[in-house]
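To keep things clear, I will list the structure first and then write my remarks on it.
In order of appearance the chains are A, B, C and D, and numbering begins at 1 in each one.
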Amino acid sequence: MSGHSAERSPYKEAVWIGTGNMGLPMAKNLLRSGIRLGVHNRTPQRLAPLLKAGAHAIADLRGSLSGTPLVFTMLADDAAVKETVLKEGGLLDSLPQGGVHVSMGTLSPGFVLELSKTHTERGQILVSAPVFGRPDRAEAGTLTIVAAGPQKTLESLLPLLEHLGSPVFCVGEDPSLANHIKVLGNFTLAGLLETLAESLSLARRVGVSPEQLVEILDTALYRSPVFRNYGQLMAREDFQPAGFRMRLGLKDVRLVQKEADRVDVALPLADLLHAGFLAGIHRGMEDWDWSALGQVRAEDAGAARKK
Amino acid sequence: MSGHSAERSPYKEAVWIGTGNMGLPMAKNLLRSGIRLGVHNRTPQRLAPLLKAGAHAIADLRGSLSGTPLVFTMLADDAAVKETVLKEGGLLDSLPQGGVHVSMGTLSPGFVLELSKTHTERGQILVSAPVFGRPDRAEAGTLTIVAAGPQKTLESLLPLLEHLGSPVFCVGEDPSLANHIKVLGNFTLAGLLETLAESLSLARRVGVSPEQLVEILDTALYRSPVFRNYGQLMAREDFQPAGFRMRLGLKDVRLVQKEADRVDVALPLADLLHAGFLAGIHRGMEDWDWSALGQVRAEDAGAARKK
Amino acid sequence: MSGHSAERSPYKEAVWIGTGNMGLPMAKNLLRSGIRLGVHNRTPQRLAPLLKAGAHAIADLRGSLSGTPLVFTMLADDAAVKETVLKEGGLLDSLPQGGVHVSMGTLSPGFVLELSKTHTERGQILVSAPVFGRPDRAEAGTLTIVAAGPQKTLESLLPLLEHLGSPVFCVGEDPSLANHIKVLGNFTLAGLLETLAESLSLARRVGVSPEQLVEILDTALYRSPVFRNYGQLMAREDFQPAGFRMRLGLKDVRLVQKEADRVDVALPLADLLHAGFLAGIHRGMEDWDWSALGQVRAEDAGAARKK
Amino acid sequence: MSGHSAERSPYKEAVWIGTGNMGLPMAKNLLRSGIRLGVHNRTPQRLAPLLKAGAHAIADLRGSLSGTPLVFTMLADDAAVKETVLKEGGLLDSLPQGGVHVSMGTLSPGFVLELSKTHTERGQILVSAPVFGRPDRAEAGTLTIVAAGPQKTLESLLPLLEHLGSPVFCVGEDPSLANHIKVLGNFTLAGLLETLAESLSLARRVGVSPEQLVEILDTALYRSPVFRNYGQLMAREDFQPAGFRMRLGLKDVRLVQKEADRVDVALPLADLLHAGFLAGIHRGMEDWDWSALGQVRAEDAGAARKK
């Protein structure tokens, strides 16, 4: 967490792939550790702020990674990781034996398990380290990081990861455990949205002020920035621009349903969310914030849409 | 909130009815305001600690209230209030014109609305002031109080109510508004229980530690004592003794369903909770803590019951 | 069932109250038994066809029933029966000791149980005999009748009831049993509607013809006029005019939910129907046929409304 | 449908793969058309009755199909078809150009679409012709067959298919349409099971005889062998031996959920069924008849299990 962390890390150089809204500030914070960092993005223009901060650009991943034992990816989904890692000439081919791939995106646990086996077959190591937090926390270096992978590798990475956020929770040797936790965390947030959506929809019908309800319940019970934040968005019907789009909410619900079904668990709340987000998307809310689930439930209760 | 509050209140004496786990410490705190307090309970033995603290016992409510313009009730449900207030010789008959009934129990909004009309017809005033918080917060005088009734009456009561908890939220002239908020608040808690129940049930099946999951999500997202507390109870399968019994959870879900149905609102999450609590009760969990909803979902996912 | 039935019935005269779409043809068929029939309706103009068929009008129920030991009611709901039977000067007051009230409407089982007790206290007998079938079957005298009440009374009524429909199922001494069966029967129909609604909504999205689907499934599996009829209504989006209005569907679902809740049974399918009918009503389908539940599910799946 | 059908069919010989409970009687009926039939099964002992009836055994599929332009498969699921058709040396390799594969099992529509493309690439034709009916109807040649594929091919097959059942519904050129209908049909049956399960569970609690309820509702409303049959199984709690196992019910629900999700349709009833079958399986009912969903709902309503 402090300046000497990089000294404790055995890694002197690394490569960072993926510089979207989250990846960019994360890479910037990693640079502060003093590590030599090559950066790559599908849209190279996005790299400018990092080059200014001391990183060097990597135009072509082929070959250029062969000497680099440490590569971070911060990519949107399974498909993007497949494209970057698994296709011919991808990371799998260019990472050296003993090299470490730290995947920080929100991927499906099942895919991470497969990916881990594939890396192992090549003598490489996968660490999965998805994060909780929006871009502002990425910027501030205060993300919560959930990391899983071989213990010694995790220990060697900690001094670096602590530049991106803390605490870093190490949750086991199987990389997919970290993704299970990330997927479950997002499911609990969606559960909070359903709870708020139904509560505010009823509140309106019986003459209770939604904003006052959120204020009182947060004071009396929750004292939680997440409860207050989503409650206020929903109370104010403030769904655009989106912090997290409804179609991504649907994607995350599908992830948790898929994992649950794989182990023969039914999740009735996830089923409600699945139906709710789909209804919203069919009503044109695809790119609204996922808290617009409140609008779906309000409309089902007879409310008109705010212009 | 401070020692001089009682001086600001126009009331020099009052009667307190109902000294259960919540009512007893609340009445004790009210005594600290310096008010002269008569106390009554169906089981008179429960009054001892209050008498020691300076209250006087009221054996028979009939007549003895005729000179007292202020009566608090802290009773379990609509039925108990009907018994105490509405039956012949009850509070309705003994309270003088202009007298104030402050009802602090968790009653149904529909009943409170009726009760308010009945008091008004007799020239009396109903204030509804349900509370959030368990006995420990009642003891500490840190309940959250949601009060509704005629504004001037509310103002005259504030110096007294602040001995029981703060903040006191005044939410309108219609007394039933306070009960709507209380009912909605309990519904959101039950929604949290469902969310946790499904999440932990899946976590166990995929090898994630439930306690670690709760710890990580609270740190990363919620930072909420309520989330952490219920999450830990459920993770530890620590359902007995109950903080709040499952059959009371069912009662509260039925309250919110009834209110919703009255205004043509469907609450799919409340329906899930209704089914979940009923299943638990039929499996013998009636007197377990309502967080045992986690056990219901776990069993539906194939988990055995912990001895 | 044949012409001599009336001879076997000990009743030579009776009164019929309620001549709506169902009551009118039922009363007409009862006349065919040869019984002397007084008829009454809130809107007396509705009586004309019956007077022509040989009935006599009863303008005022007060007193005029005191000599009549047998009164049929075919009324819309609990409220209408309360109005006609329970209020001062109602049927309860004018029916003689030993008189029989045959209630043929769709009432709530709980109310029928109360009503039965009330009649018994007056030395009167309640028989509950709700029917299955639409006006066309009432006309044809082919209703299915479910009757419950004291066995001897039922036997004495059979020759009359068989003019209204057959078979007549006698299901026990407790009159509310008949209403339980009626309520459950309507619930199964609503369950069929939900099944069809979801199936046709998916069929449309994957390119299967809804009409062909209904045709095939009825041929292959159901061979049921009810399945075919509702399936075709839904496939053709033929929701107006209504055979049975959506708001009555909602009323029936609420009946079954209330009965279930009273005995601590959860009905998740009834909860789905409750939400579905409410959504439809809030979208303006209140007076559409209840098979318009198909439209609700189709819209939730992104379908536009047919003009 | 009569003896001269085979004369109208251009096919003089065919191969039949898969002789389980359904496949065996179907193949036997096909022999009656007069066609020369080679038969194959993973467990060759199962072929005996067919050899006696005039078929010849095919021990190894490799090569032996190269001259046969017509192959029927009646296999359990996608996996079995993959094994038989797609793996090296499978049907795909041995069927000649212009050859026809008639797949009669219950496969997922998505897989059939893929399979159809694969056959087309080899210049082969896929007809999908799943059936409705249990082994008794297969035996009697009264299955309902839903067929989809190129119209001319369908026409040439009709004289043969009519030996297996009638009517044969031809539903379009895209083979997966037939599977959509089969999957939807099974979903409607499961919907009927949920409806019955909840109804009978409530009936028991309020004192209505489940068997009488089924009898009355079938007489009054459904007049359907399917309603009566499943209703009686459930009323009698007659779940073993299974006609159709609960785990196959779960498989079919998952099929319809998967298809629905692919086209962004939510099926709340399918979600209920998914949860219900999973709960039953976790309670040890995996190999009970799927109508044991009635037992699941009854247990959730407090009923004990019948020994």
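Remarks
Everything below uses one rule, namely that a contact is a pair of C-beta atoms (placed from the backbone, for glycine too) under 8 Å apart; a residue touches a chain by one contact, two chains touch by 3 or more.
To keep track of the chains, here are their UniProt names: A, B, C, D = 6-phosphogluconate dehydrogenase.
Model, not experiment: these values are computed from the prediction.
Distance between Cα centroids is largest for the pairing of subunit B with D. The interface with the greater count of contacting C-beta pairs, when A-D is set against A-C, is A-D.
Subunit A and subunit C have Cα centroids lying 56 Å from one another. Centroid to centroid, with C-alpha atoms defining each point, subunit A and subunit D lie 43 Å apart. In subunit B, the positions touching at least two other chains are 264-266, 268, 275, 278-279, 282, 300-302. Against subunit A, the residues of subunit C that register as touching in their complex are 275, 278-279, 282, 299-302. Those residues of subunit D that touch subunit C in the shared complex are 109, 132-133, 144, 146, 167, 169, 171-172, 174, 177, 180-181, 184-185, 187-189, 191-192, 194-196, 198-199, 201-203, 205-209, 212-213, 215-217, 219-227, 256, 259-260, 263-270, 272, 300-302. Within the complex, the subunit D residues that touch subunit A are 254, 261, 264-266, 268, 271, 274-275, 278-279, 281-282.
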